[in-house]
Amino acid sequence: MEKVSFKSIISNYKAVFVDSYGVLKNHQGLIDGVETAIKHVRDEGKILRVLTNDASRSQDEQVEMFMNIGLNTLKSSEIITSGMLARHFLELKIKTGKIAYLGTPSSARYFLQFGIEPVPVAEIDLEDIDDILAFVFLDDEGFDWNEGINKTVNFLRRKNLPVIVANSDKYYPISNNDVAVAIGGISRLIESVLNQKFIRFGKPDSQMFMYAYDDINKYGNFSKSDILMVGDTLHTDILGGNKFGLKTLLVLSGNTRPENFEMKINSTGIIPDYITDSILT
Amino acid sequence: MEKVSFKSIISNYKAVFVDSYGVLKNHQGLIDGVETAIKHVRDEGKILRVLTNDASRSQDEQVEMFMNIGLNTLKSSEIITSGMLARHFLELKIKTGKIAYLGTPSSARYFLQFGIEPVPVAEIDLEDIDDILAFVFLDDEGFDWNEGINKTVNFLRRKNLPVIVANSDKYYPISNNDVAVAIGGISRLIESVLNQKFIRFGKPDSQMFMYAYDDINKYGNFSKSDILMVGDTLHTDILGGNKFGLKTLLVLSGNTRPENFEMKINSTGIIPDYITDSILT
Amino acid sequence: MEKVSFKSIISNYKAVFVDSYGVLKNHQGLIDGVETAIKHVRDEGKILRVLTNDASRSQDEQVEMFMNIGLNTLKSSEIITSGMLARHFLELKIKTGKIAYLGTPSSARYFLQFGIEPVPVAEIDLEDIDDILAFVFLDDEGFDWNEGINKTVNFLRRKNLPVIVANSDKYYPISNNDVAVAIGGISRLIESVLNQKFIRFGKPDSQMFMYAYDDINKYGNFSKSDILMVGDTLHTDILGGNKFGLKTLLVLSGNTRPENFEMKINSTGIIPDYITDSILT
Amino acid sequence: MEKVSFKSIISNYKAVFVDSYGVLKNHQGLIDGVETAIKHVRDEGKILRVLTNDASRSQDEQVEMFMNIGLNTLKSSEIITSGMLARHFLELKIKTGKIAYLGTPSSARYFLQFGIEPVPVAEIDLEDIDDILAFVFLDDEGFDWNEGINKTVNFLRRKNLPVIVANSDKYYPISNNDVAVAIGGISRLIESVLNQKFIRFGKPDSQMFMYAYDDINKYGNFSKSDILMVGDTLHTDILGGNKFGLKTLLVLSGNTRPENFEMKINSTGIIPDYITDSILT
């Protein structure tokens, strides 16, 4: 497939959805030139939304994180996280009571700020679980894995309740070479032990795209053909965008690399509409 | 879990989404009393939508099929099929050219009525496939399985293109005891041979719920809490409804039976909000 | 990894186990030069066994097939098929009664020649299944797939009995470009519909290697370090040989190709001890 | 299925293979009456072997553990562990160099006592991994899970080498209600993140049965029909025994319970030849 220039392509669209990690930033910080690229999107009058499977930060915390690495123009309302969708799910399902979680207290505070009492797994009393009404996999930090994973398994063996995975990614990059197992990976271990399937949120599921689509239609009149989805990962960004019916642009600045993108596209059958090295050109 | 009465429950909602097979009809025809139940829904002023993973019939053909078995009040616009979503996907992605398919010519005519030339697998010339731009799994009928499955495998080994599964169900009931393997099951065989994942449409994916939700909001102002999803299958109707954020009612007149529903709920962890024997009470 | 010469390598071993398809023959017949290579193995005094996942032919039929394509020196006792192991399993488990099967009558005659009445799926009377005691997936030929697959699903929904897959391969090559779905692939479709796991025979399972190992030890004193396993497929020949504790030689004349073997080894983590283009050098 | 008495059944066999956990012992210690049952097996002149997927203890340590809970008659040579098979595999494959592992130093000492230098994951220097030649999942204890799992993932992303799972069980019981995730479960998490399949040892694979079978044939002349496999778990003991061609006896004193064994047999299709409440009768 031929590569295109991001700037030339976006002129055909009225809105741009971008993934965060691998498109805007990487483990070292903001990807060089992204500030200019985002400025270009705005100068051209395009609507922008960032769609991220990072469920550990609120919208405000995401904005602050981008500021800290040098991108000052993102607004809270432009950021859509899988955690927001998981939280909406719970808000509709469960009005009062306790929700147990694996993650940091800060991710739980953000996640469960609606009259619900969050209970970290470490504090569950396995003999007194009647008033816990749901379980959420929030973040890979904030608990001892050995204790937390085993206790979660035994809690879920005792109590049948809705189990939500707020970030379905298996891992995330932490350096040029290395990755860290994400809470979505840990949730799969527990699914495998229990022989159950939990409720997952995040790309490639259509829900996040639909949320963003409904959201921008409050500010204008957009059809799907007006929107370009930009991402670095075939199985989440591109599959999700394709399935929702958007045109998709694969960038090679993240998970999918210039040296193997053709092999990956061929072996997965997930085909972007366009390919570019990065959003800088 | 305690059982409830359908009639008492729907009074709390402004709209009702119902699955077709196992709720309204079964292999013998209309389930006894369904006509009265649907009349009750209308008399109470509730909005109705039928959400079905049956991709082999158009909306009009669905209406006709329901008429033939004795339910005359359904309108074409009240029926939402996974095939409609798959078709929207293709309409946005592919404007001209040929699309190959497994299924009946009539399912293809309905599916691909937009300036695209449908090519049944049997008529693909494997040496001349440049102008085929997508592949659709439509229906389990209309082709010889031995020839059709093998030819599809070899076509997809030669050409990398979007592959769509219009109905993700593995099988469907054809009598009290027996089932038939659906095109979603056949697609899984081919995925397994090719070691690929195709693009699926249908419940439990959020897209179909979102389509129905957007649709009814053209006629009024509905929030998710105004809608009850009614279905007989945990993995499609109830999981999908739960995930989209609707209240869910499991009926025991189809796939999930009175004698084993508790075991199935416990072993899957997919928990409906309500349970009823059928929509007749 | 560096490539080696087959002839130089086998001098270090007392016995050679070889896969059939992709090493000795391909869709066009005997691979050029194989006759000389086999002669070399014999001239060097090495014991030879052919280990094949082809369950549709008896040992005698295998010998005949090799004769027909020009290899006259193989003896019946040198050939070990996954079907033989599946048959041993049944002989030990079931002494009388009927066994239903998917496959050709000739594969069934060979397979079930021990006082058992074979019943092709097409002839099962679903209302009279009490005396059928096992089910075998034998061959992808000999039945109409549409009827045979659906009837098998419904038979297995009605009766809980041992289900054996005599060839676990998903597909086999039929030309340079094309493959055919094997009975192992069809069995997976039915497993997926029924949500069950059947009993499989064939490489990479240790049983076939252990059978060959016990067999040659009737004729001499062989330890595992005396044996070289030669095959073209990482997931069956090489993984199975590695797991059983043999040294393994990957040949690039079949499933694994010179242009992508390194990628495949890296992505699977299945590492042969040696690699060669073919057994001809 | 009708239940039988263990004592009446074993009179038909010359050798008895028994699983350890759930048959001989449970989380509280020796199961009541097991000492008498084992004495009966010996008094009747039957050969005994214990086949266990516990790879964390040597044969001597197993004997000591059984002594500590009150069973004094087991000999080291009667115990066969999946760890022994994994170790044989490595001994044949790798003669010198370093092998990295997840587990306790004591499990590594036992496992790797043959001129190999064991390296716990915590001590791997990711910049200096050239002389590490294999990786073993040994035990769920002896490392911090957060650090150990992440470091293992990144080590295996950098180096392509044989990866062995010495115990394929996902979890093991630690009390009447509770389980602990086993190293086999942790290995699956890492497989899922890396999208690889490791080399597993242990039941239901035929290798362990073949090892025991070859072993007892040093002391007499046993055919498969002379041996009864006794176990509490359908997917390991019974499937493995069935597949290897032994008669199988399911005991209901462990994983499979009197209240749900019929449902489990029906839903898995794994059918024992006999069923008994325990080996005490």
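Letters are used for the chains, namely A, B, C and D, taken in the order the chains are written, and counting of residues starts over at 1 for each.
In this section, a contact is a pair of C-beta atoms (placed from the backbone, for glycine too) under 8 Å apart; a residue touches a chain by one contact, two chains touch by 3 or more.
Everything numeric in this text was worked out from a predicted model, so none of it was measured.
Peer 1: Can you name the chains that touch chain A as well as chain B?
Peer 2: none
Peer 1: Roughly how big is the turn, in degrees to the nearest 5, that lines up chain C with chain D by CA atoms?
Peer 2: About 180 degrees, rounded to the nearest 5.
Peer 1: Determine the centre-to-centre distance between chain C and chain D, using the mean Cα coordinates as centres, and give it in whole Å.
Peer 2: Centre separation, chain C to chain D: 27 Å.
Peer 1: Centroid from C-alpha atoms only, then distance chain A to chain D, rounded to Å. What do you get?
Peer 2: The answer is 39 Å.
Peer 1: Where the CA atoms of chain A average out and where those of chain C average out, how many Å apart are those spots?
Peer 2: Each chain's C-alpha centroid was found; their separation is 44 Å.
Peer 1: Mark out which residues of chain A touch at least two other chains, giving numbers and ranges.
Peer 2: Within chain A, no residue touches at least two other chains.
Peer 1: Which of the residues in chain B end up touching chain A in this complex?
Peer 2: For this pair, the touching residues of chain B are 88-89, 92-93, 156, 160-163, 194-199, 201, 205-207, 210, 214, 224-225, 239, 242-246, 265-269, 271.
Peer 1: Report the residues of chain A in contact with chain D in the complex, numbered from low to high.
Peer 2: 126, 144-146, 149-150, 153-154, 157-158, 170-171, 177-181, 185-186, 188-189, 192-193
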